[in-house]
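Scrolling down, you'll hit the structures one after another.
Look at the two complexes coming up: chain A is in both, with chain B in one and chain C in the other.
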Partner chain A sequence: MGQITLSDIQRAYGNVKVLHDINLDIADGEFVVLVGPSGCGKSTLLRLLSGLDKPTAGRIEIDGKDVTQVSAADRGLAMVFQSYALYPHMSVRQNLAFGLENIQMPKAEIAERITEAARMLEITDYLDRRPGQLSGGQKQRVAIGRAVVRNPTAFLLDEPLSNLDAELRISTRAEISALHDRLKTTMIYVTHDQVEAMTLADRIVVMRAGRIEQVGRPLDLYNTPANLFVAGFIGAPRMNLLPVKIAEAGPQSVRVEGAGGLSIMVAADGSALQPGTDATLGIRPHDIRTGTGGDGSFTATVDLMEALGPETVAHATTDDGQKILAVLNGQDTTKAGDGISFAFDAGRTHLFDAEGQRLPPPRT
Partner chain B sequence: MSRVAEFLTRRRGGSGWDWTDIFTWVWLIAGIFVMFGPAVWLVLSSFKTPAALAEFPPTVLPMATEQVMVEGYDNPLELYSVSMPDGSEQVLAQVRRVGTIAQMVDPDAPDEIVKVNIAERTPQRRVAFATENYVVPLEQNDFLLYLRNSVFVTVMATIITLLTNSMAAFALSKYRFRGRDGVMLLIVATLMVPLSVILVPLYSVVNAVGLFDSLWGVILPTVATPTGVFLLRQYMLTIPDELLDAARMDHASEWQIYWRIILPLAAPALAVLAIFSIVWRWNDFLWPLVVLSRKELYTLQVGLNTYAGELNVQWHYILAMTVVTMIPVVLVFVFLQRYITAGIAGSGLK
Partner chain C sequence: MATRSISSRIGAVLAAPVIWLARLLNLPLKWWQGMTGTGGMAAFFLAPNMAIFGIFVLLPLVINFAYSMTSGQALFLSDRSYVGGEQYARLMDCGNYLDPTTCREDLFWIALRNTALFVVVQVSMMTVVAMITALILNREIRGRGFWRAVFFFPVLLSPVVVGLIWRWILQREGLLNFILYNVGLEPHVWLTDRFYSFVATVGVSVWAHMGFYTLILLAGLQAIPRDLYEAAEMDGTRAGRVFWRITLPLLMPNLLVVIVLALIRAVQIFDEAYVLTGGGPGTSTLYLTQYIYEVGFASLLRNPGLAAAASIIMGLILVVLTLIQLGLGRRNEKAGERK
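Our next item is the complex of A and B:
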């Protein structure tokens, strides 16, 4: 079992509050990714969970038991650190055994668990080496192995891939995913990389400045970001955010107008809005195509074309100075300095009010 | 060998001699004399007899006049090379000397006494090592006992120094508590107080706790060294905190973290402190002199002092025993100089 509940968690260092009233329920066996820009408090939250740090206020429960004041060792969790934190003076085998020896586990069982974990993570060949003789990817496996042998109720992973090169990061990411499928243990994973979050998570928790901005399944976050921050953070390249004004607002639809004669009807509940107020229209670069046919369109000048092969990323500036990113299918021959026409569909836009919150869906 | 030769004949200006080559050679050879001269002089002189030590001008190598047993004389006689009036050189044994005239005999014809002006004769000398300078203090005097005391003091003091200083350094580097920096500052500030200032109060304390005239009285007041705490703390600051966090997740107690994680990882710094501690305690003179009064408790350095009497200094014994006391320190430097350089470079201390 690995069901974890955080209620009203706060953490302050002196007068500086780094976490404000965090509430989060994590189901048994779930893979939860905490994601956010650096300094958002995600690592602090993980340390509070691990017990290495204590919250200023709030409750942490694991499987229904209050563990807020329980020490790190007695929470039954295992942690994988960003720097791996392998004991440099011990062999890989001793690294794996250290935690088990400390709870006076019989030697035979320790050996058995190490053999099993080493086989699973394919580190059997270098059990007798020191961490200094291992490559980054091997160290990473050992660090995960040290968590696996503990047989924990949940894994806590603090940016475990950030020290690996790009290629290794992708393969290790897949291995962590496979490991989770096999162990079916709760995993809580901290990262600032939204691609890792999207590919690994059952649920993503987006954090900013000590607050949870949105919790949801990866595609829900992508398709219906709750606010401007999530809209900008999830998805690469970033969503285009255009300043617009509310022209008409009703419970079924909202019409917004923007610079360059842009006028578009978006299906949303705008009954709380006053016409004339500011709003933001979000369009993902992948939802923009070249041409003129569509619910909305605008013309722009190309600043830069990045040909990636299967697709082309166009950096352009609209006639009124708005920067636009568009991902065009295939290979486009337009050159920098050329004029270009973009079109998009109203159904693929996202509308946010003046406070940056997504408008609710149309009333039925 | 060819590489050594190549190294020694290497010159800056290619084939010719550059002035920097000459300067370098002169500089290095002068350096050898300045650095090694006194040590070599000490070792050679330690093998000289008291008479040879008092001789002027002094010789570099320990010399002794050759002696020979001559028929009809009870004691061995000293051999001299004499220039005879006819211009020939002859080796004669001196029987006695009266004023400027020496009475000598030919060892092969012991009956006939030859009178020779002392200006006409030079002693027949050869290199001889007076090993009794070493044997007598070690066997008849208590120098082996002193050696044992010195080893005991050095070893115990070093072990306790490493243990206590590393504990203090661990607390001061890895725990956050109020006044941590203040405590550290206080410890480092004691570096500014020399032993001679606190000698009397320290003596009172040692006397009051009953450690006067005991080896533990020499050991215990010296084990808490600010240098050691500072050196170890600076090193332990470089050990990442994540390792300690990982150990805590691994059910390690704080003692286990210290013993199984911090101590092994601080080994290079501990080695440096061990070297320093060995040299300090081995060379200690003033404090053992104050604390120890029974002769059988003397350490080597205090023992050496017993040869310097008010009226008579037994230089031959002092020199020989100085060589003995130098040996462990020299060995420490020979085998551990790598760590010493690292330690001095790493801590900015010496």
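Our next item is the complex of A and C:
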């Protein structure tokens, strides 16, 4: 079992509150990724979960048992540190055995567990080497192995890939995902990289300034971000967020107008909105195409065209100075300085009110 | 802007003599480089340091060795008679090396035995006390900066001052006996008791130098990544096991430096002990350096040749200890490269 419940968790350092009333339920076997910019409190939350730090207020439950004041060692969790935290003077084998020796596990069982973990993580050949003799990727596997041999209730992973190069990060990411599929153990993973979050998570928890902004499945967050922060944070390249004015607002649809002749009717409940108020229209770069044939269109001037082969990334500016990024299919020959018309479908847009909250869906 | 302009003017004024000197040296240096090449320039810049080293280290060493080959009380080498290795033979002339009374120079062997005992006890005590202090000062204790300063303070004192302070505390009518008397305990004559005077020299030298070694160990402790302790905590490691299996092995390079430096320094023990006990009672705290000093300068029948020979032997002991330090240092470096 590995069901975890966080209720009204707060953490303050002196007068500085870094976590505000965090509530989260994590199901057994779930892969949950805590994502957010630096300083959002995601690592602090992981440390509270691990028992290395204690909350100022709130309650942490593991499998229904209150562990808020229980020591790190007695929570049955295993942690993979960003810096690997391998004991440099011990061999890989000794690193893996260290935690098991602490609980006086019989030597034969320790050896069996090490052999199994080493086989699973393909580190059998390095068992007698010291961490200093391993590459970054190998060290990361050993760090994961040290967690695996403990057979924990849940794995806590604190930015485990951040010290690896781009290529290795992709392959290790896939290995972690495969490991989760095999072990079916709860994993809570902290990262600031939204691509890692999207590719690994069953559910993503987006955090900002000590608060949870949105919790959901990766594609739910991508398709229906709850607010401007999540809209801007999830998805690469970043969503275009265009300032617009409400022209008409009703319970079924809202019409907005913006720079470059933009005018579009979006399906949303705008009954709380007044015409003339500010709003933000979000369009993902991949949902923009050239031309005028969409539900909405606007004109802009091209700043830069990046030809990637199968697609072209267009950097442009509207007549009121708004920067636009569009990922266009195929190869486009438009040059910097040329005018360009962009079109998009209303169904692929996201409308946020003046407070940055997503408008509710149209009333049925 | 105004501040910058003033500071740049001050800088220009301060730099002026340096620039003047550089211009003055320019011509002879150019000539020297033309004559000798780049290697000659290196020799030019090293020459002052080499001269100081030569005059104040190498030359006294050679003269000392020369003195050890002579006999008599005359001060000038030219007035002394050459006796070859006789002084060394005299020092080494022993019926049984474990029994100083069978030796011709029994005081040398007593001093050597005392020094050996002092080194073993003092270095062990120093290492343990410095380690415990460093471990405590590494914790998040209230007023940590203040306590670090307190423990380091004795290092700044002159050894003679240290000796005088402790003599004032430990003498017959000293502070310690005053306190003992006032709390109803029996005062003791600490510095005229063979055992306690030895303990006093050990304790005082530990007190005086501990801050330095604590600092080395503290630096080592702070270099151990916090993550390792957190990983150990997650693994449910008991405090004792954390110390023996994580802290101690990772602190070993610093610990070796501390042990070897403390060893070398302990062999050279003189000032504090001399001021505190004068080598007594009897010969119970007579250490090697004091023996050399007394034979060479302080006794009525002074024998500079014998003192020089004893100091050469002591120098050889220090060379051995230094070589051990270098060897261990190299081994650590190699281990570090493997990491």
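Here is the rule we use: the second predicted complex is superposed on the first by the 364 of 364 C-alpha atoms of A that agree within 3 Å, B and C clash if a C-alpha of one lies under 4 Å from a C-alpha of the other, contacts with A are read in each partner's own complex, and residues count from 1 in each chain.
The criterion applied here is as follows: contacts are C-beta pairs under 8 Å (C-beta built on N, C-alpha and C of every residue); 3 or more make two chains touch, one makes a residue touch a chain.
This structure is a prediction, so every number in the text was calculated from the model and none was measured.
> Should the pairing of chain B and chain C on chain A count as a clash or a fit in the superposition?
Result for chain B and chain C: clash.
> For A:79, decide between first (touching chain B), second (touching chain C), both and neither.
both
> Could you look at A:356 and tell me whether it touches chain B, chain C, both or neither (first, second, both, neither)?
neither
> Please work out whether A:102 is in contact with chain B alone, chain C alone, both, or neither, and reply first, second, both or neither.
both
> Is A:251 touching anything from chain B or chain C once the two structures are fitted on A? First, second, both or neither.
Touch status of A:251: no partner.
> A:87 in the overlay: touching chain B, chain C, both, or neither? Say first, second, both or neither.
Both partners, chain B and chain C.
> In the superposed arrangement, which partner chain does A:260 touch: chain B (first), chain C (second), both, or neither?
neither
> Between chain B and chain C, point out the one touching more chain A residues.
More residues of chain A are touched by C.
> Who does A:52 touch here: chain B (first), chain C (second), both, or neither?
In the superposed model, A:52 contacts both chain B and chain C.
> Could you point to the stretch of chain B, among 43-51, 79-87, 97-105 or 115-123, that collides with chain C in the superposition?
43-51
> Enumerate the residues of chain A that count as touching chain B in its complex and touching chain C in the other.
50, 52, 71-73, 77-79, 81-83, 85-89, 98-99, 102-103, 146, 150
> Would you mind writing out the residues of chain C in touch with chain A in their complex?
Listed in rising order, the residues of chain C that touch chain A are 225, 227-228, 230-238, 241, 245-246, 249-250, 338-339.
> Spell out the part of chain A that touches chain B in their complex, as residue ranges.
50, 52, 71-73, 77-79, 81-83, 85-89, 98-99, 102-103, 146, 150
> Over in the complex, which chain B residues touch chain A? Could you list them?
240, 242-243, 245-253, 256, 260-261, 264-265, 267
> What part of chain A is in contact with chain C in the complex they form?
Residues 50-52, 71-74, 77-79, 81-83, 85-89, 98-99, 102-103, 130-133, 146, 150.
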